[in-house]
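Across the two complexes that follow, chain A remains constant while its partner is chain B and subsequently chain C.
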Partner chain A sequence: MQYQSQSVSKLYFIAAIGLFVGQILFGLIIGLQYVMGDFLFPEIPFNVARMVHTNLLIVWLLFGFMGAAYYMVPEESERELFSPKLAVALFWIFLVAGALTILGYLLVPYATLAKMTGNDLLPTMGREFLEQPTITKLGIVVVALGFLYNIGMTILTGRKTVVNIVMLTGLVGLAVFFLFSFYNPANLVLDKYYWWWTVHLWVEGVWELILGSILAFVLIKTTGVDREVIEKWLYIIIAMTLITGIIGTGHHYYWIGTPEYWQILGSVFSALEPIPFFMMTLFAFNMVNKRRKDHPNKAAVLWAMGTGVMAFLGAGLWGFIHTLAPVNYFTHGTQITAAHGHMAFYGAYVMIVLTMISYAMPHLRHGKPANSEKAQVIEMWSFWLMTVAIVFITLLLTGAGILQVWLQRAAEDPMPFMVAQEKIAFFYWAREAVGVIFLVGLVVYIASFFAGGEPKEEASS
Partner chain B sequence: MSEAFTKSMARNIFIGGSLFFFLVFLALTFDSMGALPERDHRENITPAVVNGKMLWEENDCIGCHTLMGEGAYFAPELANVYDRFGKSKDAIKAFIASRPAEGIEGRRSMPQFNFSDKELDDIAEFLKWTSEINDAGWPPNIQG
Partner chain C sequence: MTHTANEKAALPPGDLAIWFFIYAELLVFGILFLLYAFARSNNVELFNSSQDLVDRTSGAANTLVLITSSYFVVRAVAAIREGKVQLCSRWLLATIGMGGVFVVIKLVEFHAKFSAGISLSTNTFFTYYLSMTAFHFMHVLLGMVILAAVYLKNRKGGYSAAEHRGVETGASYWHMVDLVWIILFPLVYVMR
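Let's turn to the complex of A and B:
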């Protein structure tokens, strides 16, 4: 750690990991509810537990992104953070607001929460992933603006690198496209059309800029490859992301009342969306192969390479299998979508945040570039447990999805939804079992922070 | 990557490409907005439909169901439930009103929301209006 103010990122990383645990526990609850329908009913109905599962994911990834920015930006800008105090204050505001929102979901019926928070004044609730009360959304905007001010001032008054400019561009995009969550017209088609401007343009747009810049930063630090080479890769990857991904939004405009030409545009452009992810894989492996030093933090390098591979498989390949309109006609809104969602979020965003945490934490905790050998071995075990688990969860949900499509939509005598669900229960049971293995992986991950041992010094190259 | 391909070329592709395709996206959005009134028959969005959508949202129906394929995959698709229930608003109302408060043992259950008759009517109106949107012939069959 070169700058004292980088230490604020530690708070963010700890919170991120804590909320990650909550996300997985609620994932196990809803996974079980798929096969034991009355589990925790009516106290915690499925919709509530799912909301907690998905909202915790979003919030902890945002904590991770902010922590990553607070760690990277001072080092890239070669100056202290503009205001470490603001960063700490915003941390507590965001954490308390997030915790209150989750408690609100769990303690009162959703309709009561809507009444309590005055949803009728500016109705924004009750739409997937954007379930937060309007007042929480306003809080998110305030936190985002304060955060951008802090990061922006640091970058603009310091050294400007491609890495921190791309990071800033991604973060500004994140804030700007979130504003569409406040637009909720009575016309469902318009509502859906612009809902995707937040959801799609986040995860298949500006978030990939954040992902790319974090990956570039960690690769510069761990491989010692010339910054010029890495920055060229970064530009071309994010260029392909936005060139394919913006019109690629069209793959959400097939069946929501929008004109049919989106079926062609969405199919063509989203079929190209795997390209930037494939380049990310090539990028990570190439840089590691060309490394000029052997960085002692092997775990961080493993996470970085894993991000490249898993983002390509989850976001790229599993996105492609159901993105063409004639295929999507049958797979839209089935377990195929769920399969893709799980591996894409894990492979792209969970893993990049864990990459950053893995790289930064030894500096933050010990002032050394790497944890002890023992801690790293445990961390790498958790990498494999969680990654293999998510692969099997994805395969099982894909199996469930293929059968669901056949039974409910393609067979000559299509079955009602619930009948088809019962026929594929085996896949849900197996997914739940693998989910437990994921949780074990997460526990091992946390254990790696308490493994002790002598932190490693920089190897002399 | 080869030396001839410089960082500033990569940057220009990023800036130019993103800007170009974002403008194309805006143009397509403009065109779509012009085409939508024909397809979403917005003239039929009555106060009951508006309130039905509000109730849909304030009870987080999307947390279990899909609507035009979007939402959670725990419970049946509802964009075509009006057709599946024989174009009967009463059937939709009766189903929602009859959910047991304690659920059905061992099965996925829908909560009992204690809606008034007016509220049930508005939800049914919203689902009926939704079923009439021209959504390019999706879903493939009546089962959703």
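Let's turn to the complex of A and C:
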């Protein structure tokens, strides 16, 4: 760690991992509710548990991105963070607001929560992923503004690097597109249309910039490859991301009442969205192959390469299989979507945050570039457990999805939804079992922080 | 990697990274062209009658403008290969200027279409016509930004006879923008 103020990122990383555990526990609950409908009913009904599962994911990834920015930006800018105090204050505000929101979901009925938080003054609740009470959303905006101010001032008054500028662009975009969560027109088509401006333009737009810049930062640090080379790759990747991703929003507009031309535009541009992800795979492997030094933190390099591969498979390939309008006509809103969602979020965003945590934590905790051999071996075990588990979850959900499409939509005599669901229960049981393995992987991951041993020094290049 | 003026230019010219980008761009346009061709063969009547409504003159003018601009950017690369920095700057400006002419003509054309009440939803032909030309239009703008960055660096003495990969990189991208138009114009405006 070169700058004292980078240490604020540790708080963010710890919170991220804690919320990650919560997300997985609720994932296991809803996984079981798929096959045992009354499990935990009426205490935690499926819709509430699902909301907690998805909201926790988003919140812990945001904690991860913020932590990554607080670690990366001072080092890139070659100066201390503009205001470490603000960073700490915003951390607690965000954590408390997040916790209260989750408690609200769990303790009172959603409609009561809406009433309690004055949703009728500015109704924004009740929409998937954007279920947060309006005051929580306002809180998120305040935290995001404070965060951007802090990061922006650090970047603008320090050394400006491509990595930093791309990161800042991504973070500004994240904040700007979140504002569409306040726009809630009565017309359902318009509502959904702009809802995707937050949801799609986050994960298939600006978040990819954040992902690209974190990956570039870790690769610069761990491979010793010239910054110039890495920056060039980063430019090309983000250009392709934006060219394909922005109009690619159209792949959500096929059947929601929007004009027909979206079927062409959405199909063409989103079919090309795998390209930037494939470039990221090439990027990660090329840089590691061209490395000028063997960085002692092997676990961080493994996470970085894993991000390249899994983001391409999950976001790129599994996105592609159902993105063309004629295919999507059958697969829309089936378990195919769930399969894609799980591997894409894990492969792209979970893994990039874990890459950054893996790289930064030894510096933050020991002032050394790498954990002990023992800790790294345990961490790499957790990498394989979680990654293989998510691959199987994805394959099982894909199997469930294919069957579901057939039974419920494509067959001569289509079955009703719930009948089809019963027929594919085997896949849900298997998915739940693999989910437990994922949880084991996560426990192993946390255990790696307590493995002890002598942290490693920088290896000679 | 630098090469000198008398050394044979390495292929491809410019930065390898821009070629990944160029191929990706050509792939996007290639797919759009193919889809256009399929849509047209499914609906020949509609496409024929709609094609009568597009402004072939401004399309042809823009073709000449872009081909000329490509010639100018070739002159810019030739100038910097001989170390003539100022001359290179002038040719770059001329290229950007021609890009500007393209933009103006195109805007007039778009304005006429929108004033006539034509939009993406008018029919399948106009969906393709508007989205393909608008997408290409954005590439002209991006190409102008890239060439402007090259121009500014050149003015500060950033390029020489020995090191001018940046100029070649910008020129390669600009040629791609031109090439796409050379296919797009006959395909959408002319061919029956």
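Please note the rule applied: the second predicted complex is superposed on the first by the 461 of 461 C-alpha atoms of A that agree within 3 Å, B and C clash if a C-alpha of one lies under 4 Å from a C-alpha of the other, contacts with A are read in each partner's own complex, and residues count from 1 in each chain.
The definition used in the following text is that a contact is a pair of C-beta atoms (placed from the backbone, for glycine too) under 8 Å apart; a residue touches a chain by one contact, two chains touch by 3 or more.
Please read these numbers as outputs of a predicted model, since none were measured by experiment.
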| item | value |
| --- | --- |
| Chain B versus chain C as contact partner of A:Met418, first or second or both or neither | first |
| Chain B versus chain C as contact partner of A:Gly452, first or second or both or neither | neither |
| Partner chain(s) touched by A:Glu128 [first = chain B, second = chain C, both, neither] | first |
| First, second, both or neither for A:Ile236, with chain B first and chain C second | both |
| Superposition-derived comparison: chain B or chain C, residues of chain A touched | B |
| First, second, both or neither for A:Ile264, with chain B first and chain C second | second |
| Partner chain in contact with A:Ile275 - chain B first, chain C second, else both or neither | second |
| Chain C-contacting residues of chain A that also contact chain B | 232-233, 235-236, 239, 243, 247, 259-260, 265 |
| Partner chain B, residues of chain A touching it in the complex | 30, 33-34, 36-38, 41-42, 45-48, 50-51, 110-111, 114-115, 119-120, 123, 125-128, 131, 162, 184, 186-193, 228-229, 231-233, 235-236, 238-239, 242-243, 246-247, 249-250, 253-260, 262-263, 265, 329-330, 332-335, 337-338, 408-410, 414-418, 420-421 |
| Interfacial residue positions of chain A with respect to chain C in the complex | 232-233, 235-236, 239-240, 243-244, 247, 259-261, 264-265, 268-269, 271-272, 275, 279 |
| Residue ranges of chain B touching chain A (in the complex, touch as defined) | 1, 5-7, 10-11, 13-14, 17-18, 21-22, 24-25, 28-29, 31-32, 35-36, 39-40, 42, 45, 49-50, 53-54, 56-64, 66-77, 101-109, 111-113, 130, 133-136, 138-144 |
| Of chain C, residues touching chain A in the complex | 15, 17-18, 20-21, 24-25, 27-28, 31-32, 35, 39, 120-121, 127-128, 131, 135 |
